[in-house]
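So, here's a batch of structures to check.
Below are two complexes that have chain A in common, paired first with chain B and then with chain C.
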Partner chain A sequence: MIETLLAGLDAALRIDTFVWISGGLLLGMLMGSLPGFTTSMGMSILVPISFLVGDPLIGIPFLIGVYKGGIYGGSVPAILISMPGTGASIATVFDGHELTKKGQPRKALEMGLYASVISDLFSDVFTLVMIIPVAAIVLGFGPPEIASVMFLSLVIIAVTSMGPVVKGLLMLCLGIWFGFVGADPFSGMPRYTFGTNELYDGFHLIPMLIGLFALPEIFNAVKEGDISGSSVGRFVGERLRLDELKKSLRTICRSTVIGTGVGLIPGLGQPIAAMMGYIAAKNASKHPETFGKGELDGVAGAEAANNAVNGPTMVPLLTLGIPGDAVTALLLGAFMMQGLRPGPTLLETNGEIVFAILIAMVIANFLFLVLGYISIPLFARVVTIKRSLLIPVTIMLAFSGTYLARSNPFDIVTLIGFGLVGIAARSAKFDVAPMVMGFILGRELEYTFGQTLALAGTDWVRFALTERIGMTAVVLATPIVGVLLGVRMSKFRQRALKGGQA
Partner chain B sequence: MIPRQTDIRFTGIVFILAVLALLFSSQLIVDPPIPLTTDLLAMSPRVFPFLILLGMVLVALIFLLCEARLGAFKTINSMEKDYRTSRNFWRQIVFLIITITCALLLNRLGFITTMFLLMTSTSVLVGNRSLVQILCISILVPVSFYIVVTHVLRTALPEVDVVQRILMPVTQLLPSF
Partner chain C sequence: MPAILFLFGIVLFRLSVVHAQYPEKPLTLVTPFAAGGSSDLNARVFTSFLSDYLGQAVLIKLVPGQAGQKGTLEAARSASDGYTLLFTDNYRDQLHKYTFRNDAYDTNRDFVPVARVNYGQIGIIVRADGAYETWAQLEADARARPSEISMSHSGLWVALFVPMLQLMKDLDLSFKMVPYRGGGPAKAALLAGDADVSMAFPATVVADVEAGLIRVLATAGSERILEGVPSFAEIGLSPTTGYIHRVVMAPIDIAEGRLRILREAFAQMQGEEAYHRMMTQLGENTEYLDGADYEAVRIQQSNDYQELAQSLLDQ
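Take a look at the complex of A and B:
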């Protein structure tokens, strides 16, 4: 494994990889800075470009750059105009915008940048260290264990999605059902294809993701009309002093731990980590009354927690093929387009590439710091760009990205179809993330479950209770975990709402 | 107000589709022509879809019953009526029609012409009123994107012969990669 790690290090230290990471970081920060543009949307239209460059050591780090940049970029409009660029920046608004009102937006933006880079760096190193033992454990997994972990992940994703649990479960089932369209994995017989050849291979992931994430955003922009940025979007005020950063280091460390833990659990994601980081910072503060009134620790707590999620979400993705959130689902799509299949055997078959990508992730943080520092004034101006100039370009990228992925005209029809589903779901306040996870994992779950049944034979009771006790324990624990997590999440949301209002 | 009504409607549609899929599953899922042994086919192609559709029906039913208990079905939504007559609603409908039309015309009209139509109409619908800006974005961006993709990345995009011939002098001037 150490040899593979060293080979990965050798493969990662390439100038073109860093040029593409830098491009990804800048594009991500641009997307995040634009109010109404989410990281998922930005990544969905850029996934096909990562495929077109051909080399996974360029394409995947490019997308990771977009991911990191996008999560930080969302804090720029949150701080300057009180409009979170991404869901991950909701908690940054509470104190970040108050600092802007006090005439200190520069201080808030710099604190956001440093907190993001420090937490991201530590969580990426943790990921690099964690991936080896986790991969070693996962290598011993057979279809029964993988099926049970997938089942647990799907339940967690459904209960932790935005809104009521029932809505999450419904979207999850809908996503799993969409995954059934096409050939049955065992017999190869068509299911729900309505006799058409185009549907025999099932829906392709990329048009589905672009349709679900990009088209509803564009549709919403058409509804809202042109929104030009506020004149508040200026990068002025004092710089952040070293003693102020030192004072917030404890908060940054605490939020890094919180974000790293959240990232390891599929389904939770950055918004929850940011709220948890913010609430923890407020609870630990000697002056909790200053939170919500322009407290630097509030910005540090939220930003460190949301960026710390980025690295650990790669652990379940790379070792089990389970994406933790919508953005990692997009990364999964990018891996698959490059011919890499995340799962227990990925480290064995393509260990060098995996380590190279993870090492590139760690090094990307230094580029992130430099580029972020230089470009903050620029992205502070980006906030003021009129949306009517960017939406047409986005729709062009959505169409062309879909077509370029496979050069299949049917994918455009898939894009529009899932776009309509996404628009309907969004207007009905249904979260599409569980649907995407269901689509990706449902088919795998069916396949591994079928393999488990074949392994069990006729005496499945003996198989479940003696041979595969681990699988049985996970399956039995799943409803309990689901109920407990569901209850805790609803309490947490209420607390977060109160925290935000305070 | 509107989301509350739309979530019931969305769930209702999902519920009806799931029931229909359950009822017509024998037509929608093809059985293997020869019966396979349990070693080869431990699970019928119908088992998982049946379980998921049943789950969908139950979850949708629970949601609809909870909403009915809260009296959501009885709510007369005057705001929704206002919304339907508003300009926003019609703008969104026009956008959807244009997007679907452009998707269907992409292969026939080619990338640049379709994107010109789509981007121009989207710009107008989003609220841009500057003709210069609209034309600049709708012409320059698709043309440069087309050249980059086809010439630099060497990947095909659908395009009609006339446009390809018009662009040929430009692409010939560019260095080959």
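Take a look at the complex of A and C:
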């Protein structure tokens, strides 16, 4: 095994591999920062290029670079114009955009970059070293376990949202209901579609995100009326100081663990990692009331978690040939086109190539750091654009990005509809985050729950107590955790109210 | 005199347009499948070669959604000028009319097959360390414990589900069907022990069989594909159960000459060594059938599925 590792190291250390990874990273960052241009869309366009290159040690790291860059790239519009570029940056919007409004976009972007790089590096090394035992763990997570973890996560997200627990739970349920719209995942029967074809696939996430987060900001800006000449900030703001980064190191470590854990469980994905990382950071903080008002720790918590997911998601792909999501499915295709068969024998027959690819992933993080660092001042200058220009461009990006995602005119309706929902929620002081998470996870939860029921058959009590104890434990623990966290959160809220706005 | 020359010029111009070589611009292959899936990959491989034989690029347009209906509708509504084609499979073409209500198009009325690119034959798989070493053992256990043995499938009315239904109907067995999102997760469920049986295309489990993780108990067709493994015909099923045919279709009103050019291009592509190699690398075969010959297969599929749908409705 060590020889294969060393052989892989030898194979990976090539200039052209680095060049192609850098190219992939740049393309990924660019695509991720364009709202509506999802990473999987970009990757599927680039798969033929990776094949034409001819060499799996160049083609595959290229695609992985695109993937990594894309996850980070989504944080750029999230921070700068309150528009999450991908579902992964949903939690970055909360504090990232507030920091921009405070005149510190560069700090936020840099914190996002460093947090992403550090966590990605650790989770990639973890994947490299622990790939064999991890494969066994991953198989152990079946639908019952996944469903119970999702259930727990949703409850945590609802009770720790901004505002009273009841409001959070209400928004959660509303989000889950939005997720019901569309075809029933088991029988294909349409639900809440009112006979239309457009709603058969349900609402799409991208217009919902853009509508909920970006449109209210635009609306507010227009309402304020001050769109003549000023910009959000005159300068890009200061750079991130070393002591600020150090303060967030604990959060980054915590989020790395969370993100790696989420990456191991198939089907959860970056959005949930980001939210969990954010919530954990908020919970562990000595001043949680600053979260949501421009707290660097919040950006760190979210971005570190969502990048840490990348490494472990490759494990089921490389060891069993089973892709966990759309991106790994594309990678599977890319592998096969190179003549490699991901699966149990890949490590034996092409071990050096697998390790070389994983090592290239690790190295990509350093390149990522350099490229990100160079491009941030460029990105951050967006805020110096006059508002009278920036707002119309943002509106245009919102609408075109929405249409770009699926070429479906109905998505524009979704965008406007959720824009109105977002504006209403803001004025009534409802937090939309639980609603989005309810939407994203609600469908998955319904599907995994249905699978669980199918597996359980008629004797579900025996199933729950003997076969799937893990699931039962998590489900029983959920209300307890929910209550404890809810009480804790309301104590902080009381403190914040008594002590005035911190 | 100038008028006559002018008229002559126009006539010449019109003639030249009529005799212009089709195709003059790139074609679009509407692909109603998810990005990165096996259909997407198949399409990417054969379109890259087909472009050489047609002289124009064949561009893939992924239109997933509504179990393939969205893309199929788009293709049905497109102009019949031969520049828009549809990539589909037999389940979508002949079965879904019974399972998904759809008034917008009728695949038999709206499409004509250009070529069948390849086919896949499904196989029944179990864990190698599990209780079943032969199909006979599995069958016996399934009869003894109806609806208790769990079978993982890849989703309703597609490649794994339909053969399972036909198996249960023709052999009067019942399994506990557990849905998964695709063949990969279905296989993972089998390996994890959540399911006891599943189905898969043998090419996708070659590595698992070699590694001693999975055992194939039977394969579709009338002939054996793997040594020592019975065919579906031997275990009592119709020899046509469990085949997925990947087909390229054109709108039915396409001009005869253009259809011929397309069919010829596909036929010529079969002589290309690199094409066969790439498909084999993907784990697929290249059993091509000309569109005209595929019509017969289509009719037979239609009858099979009508029967299947009828039997389900009778339950």
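The definition used in the following text is that the second predicted complex is superposed on the first by the 273 of 502 C-alpha atoms of A that agree within 3 Å, B and C clash if a C-alpha of one lies under 4 Å from a C-alpha of the other, contacts with A are read in each partner's own complex, and residues count from 1 in each chain.
Throughout what follows, a contact is a pair of C-beta atoms (placed from the backbone, for glycine too) under 8 Å apart; a residue touches a chain by one contact, two chains touch by 3 or more.
Only a predicted model underlies this, so the values are computations on that prediction, with no experimental measurement involved.
Enquirer: May I ask you to name which of chain B and chain C touches more residues of chain A?
Expert: B
Enquirer: Given the touch rule stated above, what does A:Val393 touch, chain B (first), chain C (second), both, or neither?
Expert: Touch status of A:Val393: first partner only.
Enquirer: What is the contact status of A:Leu128 with respect to chain B (first) and chain C (second): first, second, both, or neither?
Expert: Neither chain B nor chain C is touched by A:Leu128.
Enquirer: What is the contact status of A:Ile206 with respect to chain B (first) and chain C (second): first, second, both, or neither?
Expert: A:Ile206 sits against neither chain B nor chain C.
Enquirer: Figure out whether A:Ala108 sits in contact with chain B (first) or chain C (second), or with both, or with neither.
Expert: neither
Enquirer: State whether A:Gly450 touches chain B only (first), chain C only (second), both chains, or neither.
Expert: both
Enquirer: Now for A:Phe186: first (chain B), second (chain C), both, or neither, which partner does it touch?
Expert: both
Enquirer: What residues on chain A does chain C touch that chain B touches too?
Expert: In chain A, positions 186-187, 450-451, 454, 457 sit in both the chain B and chain C interfaces.
Enquirer: Quick one: in the complex, what on chain B touches chain A?
Expert: 2-3, 6-7, 9-11, 13-14, 18, 21, 28-32, 36, 38-43, 45, 48-49, 52-53, 55-56, 59-60, 62-63, 66, 88, 91-92, 95-96, 99-100, 102-103, 106-107, 111, 114-115, 118-120, 122-123, 125-128, 133, 137-138, 141-142, 145, 149, 153, 155-158
Enquirer: Where on chain A does chain C make contact in their complex?
Expert: So the residues of chain A touching chain C come out as 40-41, 44, 47-48, 139-140, 142-143, 183, 185-188, 197, 200-201, 266, 316, 320-323, 326, 329-333, 336-337, 339, 341, 343-346, 406, 447, 450-451, 454-455, 457.
Enquirer: Across the complex, what residues on chain C touch chain A?
Expert: By the definition above, chain C touches chain A via 34-37, 40-41, 44-45, 48, 62, 65-67, 69-70, 99-100, 104, 147-148, 150, 156-157, 176-182, 184-185, 187-189, 191-192, 194, 204, 206-208, 210-211, 213, 278, 281-283.
Enquirer: State the interface residues of chain A toward chain B in the complex, per the touch definition above.
Expert: On the chain A side, the touching residues are 52-53, 164, 166-167, 169-170, 173-174, 176-177, 180, 184, 186-187, 189-192, 194, 215, 218-219, 221-223, 225-226, 386-389, 391-393, 395-396, 399-400, 403-404, 407, 409, 412-413, 415-416, 419-420, 423-425, 427-430, 442, 446, 449-451, 453-454, 457-458.
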